[in-house]
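Below: a set of structures, written as structure tokens.
Across the two complexes that follow, chain A remains constant while its partner is chain B and subsequently chain C.
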Partner chain A sequence: MHGDFDFSVLADSLPFLWTGLQFTLKLTIVAMLGGIALGTLLALARLSPFAMLAKAASWYVNIMRSIPLVMVILWFFLVIPLLTGQPMGAENSALVTFTLFEAAFYCEIMRAGIQSVARGQVAAGYALGFTYSQNMRLVILPQAFRNMVPVLLTQTIVLFQDTSLVYAIGAKDLLKAAEVAGKNYNRPVEMVIFAAVIYFVVCYSLSFVVKRLQQRYAIKR
Partner chain B sequence: MNYHWNWGIFLEQVKGGDETYLDWLLTGFGWTVAVSLSAWVIALTLGILFGLLRTVPSKALVALATAWVELFRNIPLLVQMFLWFFVVPELLPADWGLWVKQELPAKEFFTATICLGLFTSSRVAEQVRAGIQALPRGQLMAGLAMGLTLPQTYRYVLLPTALRMVVPPLTSEFMNVFKNSSVAFAIGVMELTFQARQMQEDSEQGIETFLAVTLLYFICAFTANRIMAVIETRTRIPGTIAGQH
Partner chain C sequence: MNQMTNSPMIELRNVSKWYGQFQVLTDCSTQVSKGEVIVVCGPSGSGKSTLIKCVNGLEAFQQGEVIVKGISVGDPKTALPKLRAHVGMVFQHFELFPHMTITDNLCIGQIKVLGRSKDEAQQKAAKLLDRVGLKAQAHKHPGQLSGGQQQRVAIARALCMDPICMLFDEPTSALDPEMINEVLDVMVELAKEGMTMMCVSHEMGFARKVAHRVIFMDQGRIVEDATKEDFFGTPRSERAQLFLSKILSH
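Our next item is the complex of A and B:
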């Protein structure tokens, strides 16, 4: 079959590939929103004056960051059912894993963001009589978040690419759908190329957006 | 939590073979190190080359290097593995493709190494480019004004400082290579993750298996980190904030 590509099978398998892409997108969005929320809490914990809390958060982040994602995916797939006592589907397991894993990375971004806010802002907030949580919610986090929007998006591009690793536990994402369709139509090569093109187009457009945002939000010097 | 612990599992023999599970894991460790280190050599060589090409005055070369970086950065590593393994042999001339598919010894290893090497090279290139662009513009001008050619200026003036400046970000890339090598399981390289999945299925002692494998990955990342820390201390640039002491 050397060299004779046949991309006509793509049209027939598009609905099937679309269900795969939907899961990929769902996983990306859930892990992004959950990861940013949890990551912000972790960042606050790492910066808190309570040594125990700060230590625990930094252990969590460092451990997550030093294990390959594939191993983390396998770990959760194995351990969650042992803890809850009932089997969990690959898809749900992936949603939990990615949220908890990405939180470690978003945490470091949010921490840098919080630390990038001028010291006077914190003092000014307290001087106005804000409590810690008011100060964080109304003064610091909005600025930290705004400063970090391009970096958060870049991390989300990485996350989008990493979702393909759910292959390890057989969750049906875009790549898995392409593989199955490739087997069904006996056209694995075309399907892999097609999946690669979709990933490339999405990531390339997103990184273009990031570049524009960076120019817009860049600190004018 | 009903889990039957068995820490002696590593010394037990695998089902239907005369090796122990420990042998499996050590083989996996060997392949992980082999893939990662060979890929790192490729990544450094090509990464430095394409990184510096992104800063040269020629528009064509900059475009080429940019295309290289964008191509390898915007496709997931796992998909790239499949591309190299299933697609590239189809694109080669017929008899080469056949040779790759049927006769190339340890083809999983070579495919994974090339794939991981090129993937990482795009990341290294970005760091090297940032390093060169962080230099004062006067360095390039001074080099040229001294009568050095452009390649000489890069070789003797720009790269020696730029490369020393980017050692810290390269440290994380070096650690990432070990982590990313785990993706090679998908095309059948018998590295750590592959062995972990195999041992978990075979022995049904998942937690012990994954703990051991995770520990081995830690050792890789930690060693990589220490090696780079030594290099970083040795290559600090005197007169900078980092090199003051």
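Our next item is the complex of A and C:
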């Protein structure tokens, strides 16, 4: 029965798999954009002269980075409804969890990026009359971001792979869709292989982009 | 230029500064009148950059007072961004913003700090770029320009803000020799127009040409503060004599 592969069922299940992939991509993009935004704020907090704020941000980052993602996903899925009094749905829960979790990692990248901006640039911004916030927005963050694009993308590749962990709460991502389709068509192995191929193609293309960016950057220096 | 107005443009009164245990500046006092050009020299590590950065509050100091056009820089109530907007500063390594075009480098401060309109800012930028001879480079990025060109843009960027005085921190010491003069020419012209200038520089030719006074620093102290004639004629301190003989010999 399972002796040889039969990929002919793939064509029929493509639309269904596509809905799964859509959620995987949505989760990746939302967590990336939200994570970078929140992570940048956390980085600013960590670098701020206000000790309390710096400490709080540092705690947040270190705690998030020391708990396995699967546990955070499960924990949020179970606890948020208890706090808000209403169920949230696996998909929304995943979006919130990933954004909050990834923010800790993007924070450390942005912190390194901010520190990579030459001190003379910071001085030049202040000398022109910029306030702290203007100097951050106009001079420091744009350069920090540029310097960190390859690293931010690398983190996003990891994030993309990690989205498959939402199986723990039953959110319908690409992996889940492949599993369901595999059951429906009685071809579980083919479906999971196909899902793996998609994960691979996306990650490999992104890695390629990162490599190109790094090369371009290396020449510039 | 002997008829100076009464209150000085820049005044330093017994400024002292420490980095932890290490005292960078000890009891530094001097005045710069309107229209005056001061050249600050001294060996590397003597505190010249630190001193000049105290003038616009880029460096904090623990003792003494710095007063720019009547405003106390060290006073916590002073709005430093507002003060700095009118004190131009030029750095050793140019510090143009690499992610912006030359025109944007010249406009951003005018728009975000002075509140000028984009048109107004661009007109001013074009005028000043023309003045430093770089009109053709307006659309380029700083990385595409030579060091001398970048430094002239940096001067134009500061001038766009209509500064009441200009601070220069070794503006030519990172340049290849053949580019030094194009920058000094711009500075000489500025001095002749009556700009108040405080220049950290070892370009003694420049000092002879346009400086009114020369300050010599050593180990965080102002060792000599003399008119140009006195400084080059008969420097009083041995250290200044030694320093002069060294830099004039090559």
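Here, the second predicted complex is superposed on the first by the 217 of 221 C-alpha atoms of A that agree within 3 Å, B and C clash if a C-alpha of one lies under 4 Å from a C-alpha of the other, contacts with A are read in each partner's own complex, and residues count from 1 in each chain.
Simple rule for what comes next: contacts are C-beta pairs under 8 Å (C-beta built on N, C-alpha and C of every residue); 3 or more make two chains touch, one makes a residue touch a chain.
Just so it is clear, the model here is predicted, and its values are computed rather than measured.
Asks: Mind checking chain B and chain C on superposed chain A, clash or fit?
Replies: fit
Asks: See if chain A has more residues touched by chain B or by chain C, and give me that chain.
Replies: When the residues of chain A touched by each partner are counted, B comes out ahead.
Asks: Report for A:175: first if it touches chain B alone, second if chain C alone, otherwise both or neither.
Replies: It touches chain B, and chain C stays clear.
Asks: To the nearest 10 degrees, what angle do the lines from the C-alpha centre of chain A to those of chain B and chain C enclose?
Replies: 110
Asks: Chain B to chain C: minimum CA distance in the overlay, Å?
Replies: 23
Asks: Between chain B and chain C, which residues of chain A are contacted by each of them?
Replies: none
Asks: If we count contacts the way the header does, which residues on chain C are in touch with chain A in the complex?
Replies: My answer: residues 53, 56, 58, 80-82, 84-89, 91, 93, 95-99, 108-109, 112-114, 143, 157-158, 161.
Asks: Please give the residue numbers of chain A that touch chain B in the complex, ascending.
Replies: The contact residues of chain A facing chain B are 1-3, 5, 66-71, 74-75, 78-79, 82-83, 85, 161-165, 167-168, 175, 188-189, 192-193, 195-196, 199-200, 203-204, 207.
Asks: Can you tell me which positions in chain A touch chain C when the two form their complex?
Replies: The touching residues are 118, 120-121, 123-131, 134, 138-139, 142-143, 146, 220.
Asks: Any idea which chain B residues touch chain A in the complex?
Replies: Residue positions touching the partner: 1-3, 70-71, 73-80, 82-83, 86-87, 90-91, 94, 97-98, 175, 178-183, 185-186, 193, 196-197, 200, 206-207, 210, 213-214, 217-218, 221.
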